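Have a look at the structure below before the remarks.
Residue numbering begins at 1 within each chain, and the chains themselves are lettered A, B, C and D in the order written.
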Amino acid sequence: MSLARRVLAETLGSLLLAATVIGSGIMAERMAAGNAALALLANTGATVAALAVLITLLAPISGAHFNPAVTLVLALRRQLGLKEAGLYVLAQVLGCCLGAVLAHAMFELPLLQVSTHVRTGPGQWLAEFVATAGLVLVILGVRRSRDAAWTVAAWIGAAYWFTASTSFANPAISLARSLTDTFTGIQPRDVPSFVLAEVLGALAALLTARFLFPTDAIHGIGRAPVATEERSATVQLSAEMKRQ
Amino acid sequence: MSLARRVLAETLGSLLLAATVIGSGIMAERMAAGNAALALLANTGATVAALAVLITLLAPISGAHFNPAVTLVLALRRQLGLKEAGLYVLAQVLGCCLGAVLAHAMFELPLLQVSTHVRTGPGQWLAEFVATAGLVLVILGVRRSRDAAWTVAAWIGAAYWFTASTSFANPAISLARSLTDTFTGIQPRDVPSFVLAEVLGALAALLTARFLFPTDAIHGIGRAPVATEERSATVQLSAEMKRQ
Amino acid sequence: MSLARRVLAETLGSLLLAATVIGSGIMAERMAAGNAALALLANTGATVAALAVLITLLAPISGAHFNPAVTLVLALRRQLGLKEAGLYVLAQVLGCCLGAVLAHAMFELPLLQVSTHVRTGPGQWLAEFVATAGLVLVILGVRRSRDAAWTVAAWIGAAYWFTASTSFANPAISLARSLTDTFTGIQPRDVPSFVLAEVLGALAALLTARFLFPTDAIHGIGRAPVATEERSATVQLSAEMKRQ
Amino acid sequence: MSLARRVLAETLGSLLLAATVIGSGIMAERMAAGNAALALLANTGATVAALAVLITLLAPISGAHFNPAVTLVLALRRQLGLKEAGLYVLAQVLGCCLGAVLAHAMFELPLLQVSTHVRTGPGQWLAEFVATAGLVLVILGVRRSRDAAWTVAAWIGAAYWFTASTSFANPAISLARSLTDTFTGIQPRDVPSFVLAEVLGALAALLTARFLFPTDAIHGIGRAPVATEERSATVQLSAEMKRQ
């Protein structure tokens, strides 16, 4: 798969993911007549659906990271070269920021905004740590399985509600959300702590996965894959990764 | 598969899809006590479920387009003849309009209505462009996969919320929705711009897919249904990987 | 599979299905503070989830009809003997009525009730016709596929909203719902018209399926099943049916 | 699979499950502006999603019980040794309690709390019996199938609504929920009756499964994970059908 195509896939996926997160937040807040639970429910549903679709669509091309914390962990596991990892992260940040602009354009809001939404404090930092650790652990554990897309998306959906921070769990999304003064925004000064918590969570997941899924860290979940076709797909994927 | 059966499948699917979109909008608005977010949430859930069911049921027969923008793109890719494409579009328009009438009959409303719901402006046109481009890209990318039905439906569900237009993304549905003066309506004079944006979005997806999914092996050449291609798709994917 | 076990499966499944429909209606109405859309949303989610679970669990034993309209159609297609069909219908009616009693017991309401909820008129009868026709068509079209359980359940979920009657689509459930004076009830005098509309809808689906899925009415969807294991499963199921 | 790894998996899964149940309850109640149905809807969605994810992720390691009632039944079926069963239960109780603490930490609430939420009476005890019996029956019936994770989670989601107790269905979760004075709490004095009802429900399911799924071939004998049994389950099912 040519690198240009993979980087385009990361950019496009990140753009549509951020546009969904931010756009559905705008729509939901406008329609929810002040009921924040209803707005977050709609925001969650749209995010989960779009994330599952984008992973299903783009994973065969780029792996569908859309998330610097995921790219970092896969680079540390040597499943991605340094140059590729760098390009992936650039594509993710660029894509997510363009996604914020696209959402604003669709809703006829000022294209460039700065959030004033305060999101800070140890509770929320712990929440970002837990949400990202869970996300990366799920990705490392199930990414080769047939249900990977919906499983990863479902984790994010659950974490929107069970964490105090509504689970950003993604440094590129955190950055892009500082560029919108709407429902899903975060003021820029609160972003660095979120990103730090997310990176620490990702690293914690990397260590946990070493103990939980030890033998075949490269081949995905602990044991043999579900079915025959899938087994050969795994072999092919792992072969492909070794070539990289 | 005889052409008559395929055209009947397109008609029936379009009819039930439009009846679901419009009927669930009527029910939701009646029950939601003025909370538009709640009404749209119910409308979204019903649409996603019905769309996934209808694709699962009818894709083996007609390919389950239910959408002139999709038929246009597949005709441009020579996966459908001109005559068939024309009949498909007629069936879709007829089916969707009958679906509006059926919804009205079930809710004991005047069968023939004209919408007065204003939906216009560059933001909404951009939204229709994005929603339809995403829809067609998803269809071209995942239509042969096992999860195609739910993946396509999930995109529409996400786009109901993250676009400013609630994602019509379908010229036949847009036309039918001009025939209902209820929650999901659009006044007739606003339809042409929506249709134009949808067609442009579909064409943009066609070009993007050429770059993202270049090998025919991935996105197929025939109009064969999902089921029979499953195995050979696996074989093709593995062959493609070996070539890289 | 012994007949006793199959009849028990139909009874148990019908019981839990009716208890879910009626029980979740009670809970939803109690909590929804008068917002009917919110109550129906919760009622829909619970029904869809329970139906999918019960079909997944019990289809390998009894086929998971839980519905006299479905049993009637399969008997007319000679996929079920007359004696078995009769026992199935008895089990379904008994199970659904016991389910109403169970729901009342859990919510500490009078066990035996008679509904006063008026549900009548040509719009609702048409709605029951459409909902049941769609249900039976979906069952005939996808019952052999791997996603049958969720597809069937999703149709019911959509039909809860897009039909004017909230889609009973099941004579045994209609009867049981006349035995509860809560959110999901229907007064007894309105039941016969509902049942008639449901039976007519089921027969219409039987005829439509003959045209839409003609060649292999016995083997399920028009073409070959999705994958190898599934193919052999289909062969086994069809062999089993021939033995009956 | 080393016992330490299995016990860690049970601990981690129980911890994240309890944190999701309790955390999403806190978030939902805070945002729902007093509408309990909306709060329970969000609580349900988060629980179902997290449960499906955790089963998918950890079933290949520990079987993903997260529930002493499930472990008890599998021990009675000799699919788990006594020592392992004891360690599993300890891990589940410890994990769930830590999950309550984690939820409190994320929401910056006192870490240790005692619930004052009254949940008692024969209706709720019957509800716990039904919810747990259904859960265990579903687990015994579908645990080797590909959709096991979502099917089990969907049952819990339905039971949140159709039972009068909102379906705790898990002694370890019941205990942990006595440690939070928030939306999902239960006062400690009400816990023993809940646990008793849950254990009786689990035993009832064990007996029902003996009649409904009599051949060991269907419900298995080992504690082997979902994945590796998939193929052989197909073979067994076909063998069983031939025997009948």
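One rule holds in what follows: contacts are C-beta pairs under 8 Å (C-beta built on N, C-alpha and C of every residue); 3 or more make two chains touch, one makes a residue touch a chain.
Because the structure is predicted, anything quoted here is derived from the model rather than measured.
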Same or different contact residues where chain D meets its copy chain A, judged by the half mark: different
For chain B, which other chain has the most distant CA centre? D
Find the geometric centre of each of chain C and chain D from their Cα atoms only, then give the gap between the two centres in Å, rounded to an integer. 27
Could you grab the centroid distance between chain B and chain D? Build each centroid from C-alpha atoms only and quote it in angstrom. 39
Identify all positions of chain A at which a residue touches two or more other chains, and write them in rising order. 35, 38, 41, 146, 227, 229
What part of chain C is in contact with chain D in the complex they form? 1, 5, 8-9, 12, 16, 19-24, 27-28, 31-33, 35, 38-39, 41-43, 45-47, 49-50, 52-53, 56-58, 60-61, 102-103, 105-108, 146, 149, 229, 232-233, 236, 239-240
In the complex, the residues of chain C that touch chain B are 34-38, 40-41, 44, 48, 121-124, 126-127, 130, 134, 137-138, 141-142, 145-147, 151, 154-155, 157-158, 160-165, 208, 211-214, 221-228
